[in-house]
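In the part that follows, the structures are each spelled out as structure tokens.
Paired with chain B in one complex and with chain C in the other, chain A is shared by the two complexes that follow.
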Partner chain A sequence: MADTAVTTSAEHAAEAPSPAKRPLFSPFNIIAALILLATAPFAILRFTGGLGAVTALDHTNPWGIWIGFDLLTGVALAAGGYVTSAAFYIFGKEEYHSAVRPAILTGFLGYGLVVFALLFDVGRPWRLPYPFFVSQGVTSVMFEVGACVALYLTVLFLEFSPAAMEWLGLKKVRWIVVKLTILLTILGVLLSTLHQSSLGAMYLLAPSKLHPLWYSTYLPVYFFVSSIAAGLSMIIFESTMAHRYFSHLMDQRHKDERNKIALGFGRAAALVLAAYSSIKIFGIAADNNWAYLLTGYGLWYLVELVGFVMAPAFLFAVGVRDRNFGLIRVCAIWTVLGIVLNRFNVSLIAFNWHLPSAERYFPALGEFAISIFIVTLGIVVYRFIVTRMPILYHHPDYHD
Partner chain B sequence: MDGTIYTLQEFMMRTKGIVYILAIGFLIGFTAFWHFLFSREPREETDRD
Partner chain C sequence: MSISRRKFLGWVGAAGIAATAATKSRAAHAEFEGYPESYAVLHDSTLCIGCRSCERACNEVNDLPKPATPFDDLSVLDKKRRTDAASYTVVNKYGQVPGENRPVFRKDQCNHCLEPACASSCFVGAFTKTPEGAVIWDESVCVGCRYCLIACPFNIPAYEYDEPLTPRVMKCTMCHPRIEQGLLPGCVEACPMEALTFGARSDLLLIARERIRKYPDRYVNHIYGEREMGGTSWLYITGRKPSEVGLREDLGTTPAPELTSGALLMVPIVIGMWPALLGGIYKISQRKDRIAREQLVAAVKAQKEQSDKEREEAVKATKASAQQQQEKAIEKAVKKALEEAAESGDSKEEK
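Right, the complex of A and B next:
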């Protein structure tokens, strides 16, 4: 099997397009450049004019879409890194081998973009290292979030680095990092468990601001469990996109394992979403919040719970039973949207819910623009890496 | 018995009681869901994409 993989990789390597052959003015490059050019002025304005120049944030609503989308959603969707590496390295699921590097790359870029987005969001970004070196504040949940994100980003960088080292031909350093793989995987799972949940724990600080249906002492558990479903779905979604746009870069093993990954991850996502929907109902029961379900916010909560958790859980199961890979992929996108909706609900829609609409937050154009700028930059970097480094194929010079 | 809760004791009795009943329901439901998910044998020849 290994020989086959190496052979196909070698064949692939011979066929892989070299960077020199790629046209500079491809449709992707032109569209990405136009988006970046259109949104970059807002990014510059953020640092020259301050937060007030580009955001609708104020003292009542200090956290906007840069926290709700770029950070909370970004971290949840980057969970595929620890989910996949745990499945492969810790649980020994060999059939998911080809998903590991793309998942770690997505996780690494996801966390990198979270930190990049934080540079825009915090008032004085040059003070980001302060919690570690100047004023620790170790009793704050924010310290734990900051510490875990910083440490996990470092771990993801190290986990990703063998691919970059294979590209650069740094065999000796790569050998050392590869020996650390299991340690890094365990650290990654540990740090992810801590900070995925502590992002939910942050909102425990605001019981009077968050709507009772979304506020629960189980919030850390909700955030952690939903991040697993997000990670599993994101890997299926990313695999679908990669096969659509980068199949010419893939070796045979990546192509062959595509449906196995969709099937295995779809099955796991069905179970996780079923468990997640149950603990959400336990949360309503534990706080005796049933009466809120009959209000407008209650209906919105049911849209999220039934429409974006229970429905995809059931349809994932139907897809897995019927080996209907199209349905599994639709459910993956559906779940990703559900996680985005959940994080938006917690951080924006159900936050400050008691305020009159005139005092509620709605993002300014600059906030949308900078979010689009960051996401586009992420896609450009992802494309740069997968078209150059052995992410979607096995490098023929390395056999471990 | 009008459902009004006056004390923390009553609140805990009610909410814990409901959670425990739900937990039993969840265990039964999850077992059924597991069976639904794993009951069908793999049929590679009928894969649909």
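Right, the complex of A and C next:
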């Protein structure tokens, strides 16, 4: 679905390079509108018939793909924002300059969509501010997740805002926000460390439900470390997509830095995934879970660990050594799929593993529909922004 | 005590006090055995006949919707059931085994943990463990995230999935409003077999132990709920292993709050350390850049000085050689002039 949408956007973009002349009924707009129209009824049904009308959720399986995919995977894949801004602003990697704005934008949109998705999932969405303003459940790991996501969304908004202000010509306000860059970056990394790990920590409360191979005291560390790999890989993947479909918008620096970014992020991803592999093994050793590896779930665990962590880690390293950019890009998609698999395993597949299959969960059509609705909306907003604001090029009027 | 401790732990997290303070509270925690004199219910499955009177009473006192199958229809016992949005309690039948003369029935409902996982999970603090022993839920703050359903090790809380805008979390309240009025919980009052006993938890533990002591052949020597998940306010004694009557034996005795306290304790550490760490890295990379820049400037300067000097020397050398050549030329010219003068003198003499 994502692919179709992006493809048509490129065709459209080629037809109409100037933003002013963009026709309303372009192939991209038509397809996006059709998808949104087809899935919107489910979104409405959620608020007229309740969760029961659109989901396969029940009392034993209260969290489905809206949590497993939209929230857990969404947050992990939006990690590119803090990873890239940390690399550029804090670690001083000047050569990643052109990756910063696209990463901040996709991070901002990613978190925005996560919160948007939650409006469908929680029972009384207008009460989402309650944990901060009405009744603070500070003993809950979820309180920490909520607080950090809310604050980080604000940070991402501020980090993104200079691009919008350049578009709108708000020079003075932009100057103030730009002065805050380092502070915002540090705050962003801090908040990301906390909530990326807390998403894993949420499952610490359910040792009797999550399979022992996935349940570990290290869950918060696993979620945090894997989010770094997810962020690095998503930046490579998004840059591949952007160069394919929006290269006409890019300035020379963007085009020149593309391979440097793939190389540097690929090298970092190889290291992070290697470290992640070893702490996963230490986790098995710490709980003496070796025997489980010989069961069906053990095999599935090895598929995840060997097939989607170790393999891309090794091949990322090979790709970097050989300057094989095609391989690096394949590894990026591979790693992203591995993160999706991991979050699905923790939240859905290895959760309630001890129950008979009749009591297990499989998503309903309405759940897929609303997830597709949300992703499509994200692509539409992304496209709206990159075709208008200085994301893929440097605005000629600003020099800092 | 439990709640205040939990709150305290949370505030420790929020305020960013160092780990030592919380470790103290952790040590104190090991001693928590429930509110003193709090109430509990003891279910003796050897007395239960599976009549569903408790289910009917529960339905009535809690004003729950009437089920499709009436409560005197015992055929529903043939299928395993769990609590749901319309039933706070269900009785399940565990089939006859060789050597026993009848199947075993066990009533399932909220176990009212001493340190509830639902309360630990809730980010608006909607759950309260009351000093009377009940775990109750507050509709006025619930957001409907269903984390409590995830957290409950006994799979008890249910959710109103068909309610579009005001879904509630539904679970047994131990009839807390009735207890406050001095009444018995509906199910306990309705039980014709006295399979349910209501009383102070400490007394019920003694009663249970006494029954096991008196009739060792009738009971398995285990009071389920005494220690499970840190202890519950609903206790069970049965003639079978707990796992044979749907009670998990792998829950352990760790109370739920301890499962996440380690992760929560890392929050203040990250908040305290990250700015220094990241700020430090930023300063180091800045310094590296500055040094690189200074070195570049110095190198350019040195290069310039070097070339200036070389050029100066070259100019000097050129000047010197030019002067030398000039001097030579003058000398030569003088010599030549002298020679010419001498020559002309000679020729004069010749004339």
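We adopt the following convention: the second predicted complex is superposed on the first by the 382 of 400 C-alpha atoms of A that agree within 3 Å, B and C clash if a C-alpha of one lies under 4 Å from a C-alpha of the other, contacts with A are read in each partner's own complex, and residues count from 1 in each chain.
Going forward, contacts are C-beta pairs under 8 Å (C-beta built on N, C-alpha and C of every residue); 3 or more make two chains touch, one makes a residue touch a chain.
Note that the coordinates shown come from a computational prediction; the quantities given were computed from them, not determined experimentally.
Novice: What is the contact status of A:49 with respect to chain B (first) and chain C (second): first, second, both, or neither?
Specialist: second
Novice: Pick one for A:34: touches chain B only (first), chain C only (second), both, or neither.
Specialist: Neither partner.
Novice: Now for A:137: first (chain B), second (chain C), both, or neither, which partner does it touch?
Specialist: second
Novice: Identify which of chain B and chain C touches the larger number of residues of chain A.
Specialist: C
Novice: Once the shared chain is lined up, is A:204 touching chain B (first), chain C (second), both, or neither of them?
Specialist: Only chain C; A:204 stays clear of chain B.
Novice: A:317 contacts which: chain B (first), chain C (second), both, neither?
Specialist: Only chain B; A:317 stays clear of chain C.
Novice: Which partner does A:267 contact after superposing on A: first (chain B), second (chain C), both, neither?
Specialist: First partner only.
Novice: Where on chain A do the contacts with chain B and the contacts with chain C coincide?
Specialist: Touching chain B in the first complex and chain C in the second, no residue of chain A appears in both lists.
Novice: Sort out for me which residues of chain A touch chain B in the complex.
Specialist: Residues 259, 267, 270-271, 274-275, 278, 281-282, 285-288, 317, 320-326 of chain A touch chain B in their complex.
Novice: Considering the complex alone, what residue numbers of chain C touch chain A?
Specialist: Per the touch definition, chain C meets chain A at residues 6-7, 9-11, 13-14, 82-85, 117, 119-126, 141-147, 149-151, 153, 155, 157-167, 248, 250-252, 256-257, 259-260, 262-264, 266-267, 270-271, 274-275, 278-279, 281-282, 285-286, 288-289.
Novice: What does chain B use to touch chain A in their complex?
Specialist: My answer: residues 5, 11, 14-16, 18-19, 22-23, 26, 29-30, 33-34, 36-37, 39-40, 42-44, 46-49.
Novice: Report the residues of chain A in contact with chain C in the complex, numbered from low to high.
Specialist: 46-53, 55, 57-60, 62-63, 86, 89-92, 121-125, 127-128, 130-131, 134-146, 182, 185-186, 189-190, 193-194, 197-198, 201-202, 204-209, 217, 220
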